[in-house]
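Structures given as structure tokens follow.
Shared between the two complexes below is chain A, which has chain B as its partner in the first and chain C in the second.
After this line comes the complex of A and B, so read on.
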């Protein structure tokens, strides 16, 4: 069975690299507190605050996207099934959190951010976990 | 669904890994099928039966509740 719409295997490492690159940027932002407030006053679309937010968020999202949707070394039908399964769980969790967020907060910017992160992140964790469990249940060659 | 893959492998004297290579899936998948944790697609079931030179029903069989 051929699985379409997946990136080649090495995209996983590209994704990890992109994700790791975004981490120091976020720390840099945290140490930049006072300047941060000053940029809020700048209302044009491409002010530096917005550009920074866009760059880091895109790096992270694209990185996670590549990790999530790169092919496995041996991409067979069981892997596709696990992939779909994990995707379903990720969507469930995402909407659960989204609904809870909508009811209990009015902080839409963070809800959006959560919405961006949770499906991909949870998908990756769940997918890796089932593959790990599968490998652990494997007896020494028999 | 039950299957005889483990028995058939023993008769043919091949390992899980070798069978996996012959039907181009991972060894994990063969192992999951053998331990009844995963039901293969029709295509994969036919390929496995062909490796053993048996008909589909001789390798895979329905069980109560299917």
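After this line comes the complex of A and C, so read on.
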């Protein structure tokens, strides 16, 4: 099986860098973020709030995306199998959490925003964890 | 390769059932409340200090319940359709499934980034809501399309 649609290995570091850049921005979100922008009359594109919102969301989404879908150093069939398995698992978990969130809370807006990054986040965590387990089991056999 | 975490084949029918239920639910609601809850909202919503969407939801309990049931029906229906086993589940099918899933996630994020660039403010909330179901819809369409192509090429050979 060939692995398709993947970024080269160094995109992983690019992704981590983008994600780290995004973190300090989030701390300003309480005073400046998109939730408060609804009360501002100026709803046109590319005002300062829109630019801020674009910057944070794009840095976060693209960063996580690059981390998640960069190639491994050694990309074999087992790794790509693990990747796709993890992706499916992450989608399941995401929808489970989404449903639970919708039933038990009223804070819909934050749930929707979380829904953007949670699948990629779960995917990365689970993929790393499976690879970690694989690496640990290999030396014992060999 | 074994395909894990999949529903059995008959869950697909349950998935379509969920869709029919959602449709019936929507139609009955439209018949019972022709103008929707919109007119109720205007009188009952206490303007929330936090954000407008919360105000709508805490203001009218019926509206909230209605949204919940609707989203649950649609999402579980899509999950059942997308992740139920095929009648003949072999390695190629499960490969196609996972390939399609990855493709759907890619496509969804590409669309999402375009939306972030060009949609803003209150108009962004529908984008977020659609973002719940679009990955599953893209996945199902692409998976079905691939299986259709596969079947056609097998027949031609």
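In this text, the second predicted complex is superposed on the first by the 117 of 142 C-alpha atoms of A that agree within 3 Å, B and C clash if a C-alpha of one lies under 4 Å from a C-alpha of the other, contacts with A are read in each partner's own complex, and residues count from 1 in each chain.
The criterion applied here is as follows: a residue touches a chain if its C-beta (ideal position, glycine included) is under 8 Å from a C-beta of that chain, and two chains touch if they have at least 3 such contacts.
Given the structure is predicted, the values throughout are model-derived calculations rather than measurements.
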item: Touching partner for A:106 - first (chain B), second (chain C), both, neither; value: second
item: Of chain C and chain B, partner touching more chain A residues; value: C
item: Which of chain B and chain C A:116 touches, first, second, both or neither; value: second
item: Contacts of A:71 with chain B and chain C, given as first, second, both or neither; value: neither
item: Which superposed partner A:79 touches (first chain B, second chain C, both, neither); value: first
item: First, second, both or neither for A:134, with chain B first and chain C second; value: first
item: Residues of chain A at both interfaces, chain B in one complex, chain C in the other; value: 1, 81
item: Interfacial residue positions of chain C with respect to chain A in the complex; value: 1, 4-5, 50-54, 57-58, 64, 67-68, 71-72, 75-76, 79, 83, 95, 98-99, 101-103, 105-106, 109, 112-113, 116-118, 120-125, 128-129, 131-132, 135
item: Residue ranges of chain A touching chain B (in the complex, touch as defined); value: 1, 74, 76-79, 81, 131, 134-135, 137-139, 141-142
item: Interfacial residue positions of chain B with respect to chain A in the complex; value: 15-17, 24-29, 31-32, 35, 38, 40-41, 43-44
item: Partner chain C, residues of chain A touching it in the complex; value: 1, 4-5, 34-35, 37-38, 43, 45, 49-50, 53-54, 57-58, 61-62, 65, 69, 81, 84-85, 87-89, 91-92, 95, 98-99, 102-103, 106-109, 112-113, 115-116, 119
